[in-house]
Amino acid sequence: MHDIALIGAGRIGKIHAANLAANPRLRLTRVVDPFPDAAAAIAAHYDARVSTIEEALADPAIAGVVVASSTDTHLPYSLAAAEAGKAIFCEKPLDQDLAAARESAARFAALKARLFLAFNRRFDPNFAALQARLAGGAVGTLETLHIISHDPAPPPVDYVKISGGIFKDMVIHDFDMARWLLGEDVTEIFASASVLVDPAIGEAGDADTAKTILRTASGRLCVISSSRRSGYGYDQRIEAFGSKGMIRAQNQLETTVETWGENGAAADRFQNFFLDRYAVAYAREAEHFADILDGKTTPLVDFRDGVAALALAEAAARSARTGERVLL
Amino acid sequence: MHDIALIGAGRIGKIHAANLAANPRLRLTRVVDPFPDAAAAIAAHYDARVSTIEEALADPAIAGVVVASSTDTHLPYSLAAAEAGKAIFCEKPLDQDLAAARESAARFAALKARLFLAFNRRFDPNFAALQARLAGGAVGTLETLHIISHDPAPPPVDYVKISGGIFKDMVIHDFDMARWLLGEDVTEIFASASVLVDPAIGEAGDADTAKTILRTASGRLCVISSSRRSGYGYDQRIEAFGSKGMIRAQNQLETTVETWGENGAAADRFQNFFLDRYAVAYAREAEHFADILDGKTTPLVDFRDGVAALALAEAAARSARTGERVLL
Amino acid sequence: MHDIALIGAGRIGKIHAANLAANPRLRLTRVVDPFPDAAAAIAAHYDARVSTIEEALADPAIAGVVVASSTDTHLPYSLAAAEAGKAIFCEKPLDQDLAAARESAARFAALKARLFLAFNRRFDPNFAALQARLAGGAVGTLETLHIISHDPAPPPVDYVKISGGIFKDMVIHDFDMARWLLGEDVTEIFASASVLVDPAIGEAGDADTAKTILRTASGRLCVISSSRRSGYGYDQRIEAFGSKGMIRAQNQLETTVETWGENGAAADRFQNFFLDRYAVAYAREAEHFADILDGKTTPLVDFRDGVAALALAEAAARSARTGERVLL
Amino acid sequence: MHDIALIGAGRIGKIHAANLAANPRLRLTRVVDPFPDAAAAIAAHYDARVSTIEEALADPAIAGVVVASSTDTHLPYSLAAAEAGKAIFCEKPLDQDLAAARESAARFAALKARLFLAFNRRFDPNFAALQARLAGGAVGTLETLHIISHDPAPPPVDYVKISGGIFKDMVIHDFDMARWLLGEDVTEIFASASVLVDPAIGEAGDADTAKTILRTASGRLCVISSSRRSGYGYDQRIEAFGSKGMIRAQNQLETTVETWGENGAAADRFQNFFLDRYAVAYAREAEHFADILDGKTTPLVDFRDGVAALALAEAAARSARTGERVLL
């Protein structure tokens, strides 16, 4: 059993707390949050105690730290945890500032930090199966890739303003997926972004809809389709086109029930809330963290992956702004 | 080119006329119908002439006769055509009276009649592909079979009254499919029938809903599900369960278009009108008749098949009436 | 928190133990099994203690008893638990002997026993959604029902010999589903059963394949398709045909991944192990038991349901043996 | 009945000949081709006569001309037919040279030429249904569009060399679809193209794989995915994302047959040959031409559409070559 401290008692912190508690190899013992009530609620529920960050990092019993606090604290808290010799489970993104993230790289490397950057989609059973089969040659050599990631509904404009923009906040998931699946470095990127969903998002200086093309050195191509509001639910799909076929992951439905009427057959709703859609992925993240703590594996997604995804997000945002392809 | 006479200028006669005309090996030259206007309309359209049956059968140029007249005339007209040495393309069913059909058997046999009994489902590309793969061992040895055949809407009660009952009029298609796919003689039958769709059908002495179990000597089992009104369109499906898997034919949709909304994905309507659903099957029937006339093949469905299906229909009706299994 | 005793530390007992432990309203405190090692393993894992039945029933802290022992003990242990005033969560079937079950009815009734008979399919999210929508009128008035329940592979013949036969051991699940969905008492039953999978099952006096037709007073019809070995995985489907459409629950797939090759698109495997397929159902059973213990609800499936399903199983077995319809 | 002359007796010419012959409003009377044997074969089959272009255009009985000859003759033959006052059914593309096409525009306009440019996809029942529902508001306001068009196998390299390149030869279909569905002019285009299928295509100066982004003035975005060889068949799909949902057209399968085995369910092959996949579309083109000849409608796709698609193809090719977005 590894003792774990959780930093951040908000919505995503609660998810991680539940998965830590359910994992027989992990024990949540400390909860940190600027809002004492939020921390106290989780601590009480899981028999942990409310702490300051300093207390948590100073506790020699703590083996790992889950950083689920606000985005601007991901990097400093992760670094502090690394300095204290703790393994780190850090929510995405690493940071909104690529330069800052790059500056920290040497320090994390020097500390040989065990930092797991929790891009949940890599742990989704569907996408993980797709990746495994693709890597296993099920459709020959990968040529091109389509990633569709449309949210059911846009976040509040106040969130949009501090989000870092659609590419860093939302598409960053897909940049990580693209890197994972393409198996090669991205060398060029072009993005076209629009305000089609809500003018207020445009007034906030952001876009709500985008199509992005990534290109690798060998000429592999990846298209990412992004929307803050789909109109039909949470659309999370991948199609990987290879020399011998295509492999794809479809949306997850709430049930297998179909209704047949005069107008044809209707399937059930998509799983629309991201916490439902990725519930298994979050539990598998906790399991992966336990494996890291056990020394069984190294992080599937690490600091460099976080920096690389951020670099793509920044390049895409630049391309969308300038109308020019960006070389990486 | 084989000259063909069409007997019967009603709805199904028109379909056969169009397919005869479209087939480069067949030429519709004579049309017979008690209603001269109906015959004249088809004859004019396809450059044929209106005839009496006697004229058509006496014409040495006529190679084949399509019997698409009312059910009670199928047997006498087919027999007359056989006596005249013509090949016969006879609409289902052979007759409503099993005893009458059986009595004619010797005469048809003595004449070595080339009688093709046109059960359209055998010529449907989906069911034909299913049969071919099943026979080719795609799912090992056949064990059991499910046939679903639900009409979109019930016929008028006046038709029901002269239809011969649900088993002889409608389920007879499925008895033929069952015989074709089971590959063994049916030895037992049990049917349970209800009036659930329209009380007037019950008052007419018929049922509108039925489930039937067929059993062969080796213990293979077949379930047939029948309804005069589905509430969701024309449901024509088969599932064949074998020792190594299952093969099934699904419903045909009007297009491949899907609409995704908040409640999930909806496929397009089923092809609901039997003339649309089985359009290709009817064209293939004409092609098969041309093959028979060319001497390339013998009828895929012949007189004995027609008698056998009728025998099953009569047995099923008896079982439904008495509540007892009928041995064949 | 309700203290629970588990009787039976075998495969299904382990499942229930895990779900009891995961449920925040339940606490597994005692484990009973004739094999002390099996009981000890579970007890150690969940911080419970190994007990005799007498100890467990005598413990006033125990609020509920989970009976997951061998089938022949379901009835006596449930009765003993009822005498001790405990709520009961009893695995299916109630018993193999209909007469014995009926004899106990008065005693259970006199004790006002809170007995929950755990037919897992009622708690499957897919079947539960189907039932709710059907009951809500999504497809009008129910007319007929198809239940397909084919196992991936047959059990060992030694198990078959003591199983009570395919109808009491396996199809009993479907009899319960039929009763739940039909919404009316079954008045007639006809079954045809074969040995197609393994001759050894026939030599053991049982069948491995069956088709059964149930009929209600108003003429609703239900077909159940049963096989001990499908050849293609665990096939668990229901189609409910109503006056305004059809609603069905399809098989659950392991992932949403599809592979497209030259021969078309292939979906992923079915969830084939019943403990995977019904994992959520088992967790929901524990939740339902907690609701019963809290007094929030009465058992969704109770003693009378268990007797009724057993009566159908016995009637079906008789029909298959005699070839005659059985009236109930 | 309108008399029609066919220019071009190759593969696509044969298709059009068959559809002209099958259409009750059209009559194929003249066939023109530099290879007399090819022309003679079609003429003999449909009771037409072999002609020179001059003869065909001079024949006052000829109402329309189908131009299905080699691409470099589309424009001059169409112009000659227009000068002769004939209605024109011209195969795609209009020409490989945008400047040449633009130069002819004034002449075609002055002649008030009735030119129908036969982009077959617009007549596919699936895509046509998608367009009609989209235009009818089935998914609200269109925001973005995905068009996938992957061929089963690449053409011979000798064809590639004279094809005009992947954008003018193949993607031009999708540019026309995009224009049709977007409902707004395209103002920007970016394409990235690769040689992933066959190095010989690269040596011939062409690409075999491409992803293209189109953008309209209001910010609507369209992605086109192109491949000369899919590895899994003929992939022809469209997804249209609107403010209230998504509507898509899926691939057409050869039959509705599915095979279920241990690894899950497999659907049937895609319709892989374009003449099969678009058989109905070709017949509907002939029907549309008959409507034009009857004066019932104007061409759904006309000269300007042909020029516009060619302009997009040329811009896409330039973008792929330079790596820069092209403004239109």
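Note that the chains are named A, B, C and D in the order they appear, and that numbering of residues resets to 1 at the start of each chain.
Just so we're on the same page, a contact is a pair of C-beta atoms (placed from the backbone, for glycine too) under 8 Å apart; a residue touches a chain by one contact, two chains touch by 3 or more.
The model shown is predicted, which means the values in this text are computed figures rather than measured ones.
Comparing the chain pairs B-C and A-B, the larger number of C-beta pairs in contact belongs to B-C.
When chain centres are set by their Cα atoms, the one at the greatest distance from chain A is B. For the pair chain A and chain B, the distance between C-alpha centroids works out to 58 Å. The distance from the centre of chain B to the centre of chain C, with each centre set as the mean of the Cα atoms, comes to 42 Å.
Among all residues of chain A, those that touch two or more other chains are 139, 231-232, 235, 244-246, 260-262, 268. Contact residues of chain B toward chain A in the complex are 231-233, 235, 253, 260-270. Taken in their complex, chain C has these residues touching chain B: 139-140, 143-144, 146, 150, 188, 190, 192, 194-197, 209-211, 213, 215, 219-221, 223, 225, 227, 230-232, 235, 241-246, 323-325.
Here chain B touches chain D in the complex through residues 22, 125-126, 129-130, 133, 138-139, 244-252, 254-262, 268, going by the rule given at the top.
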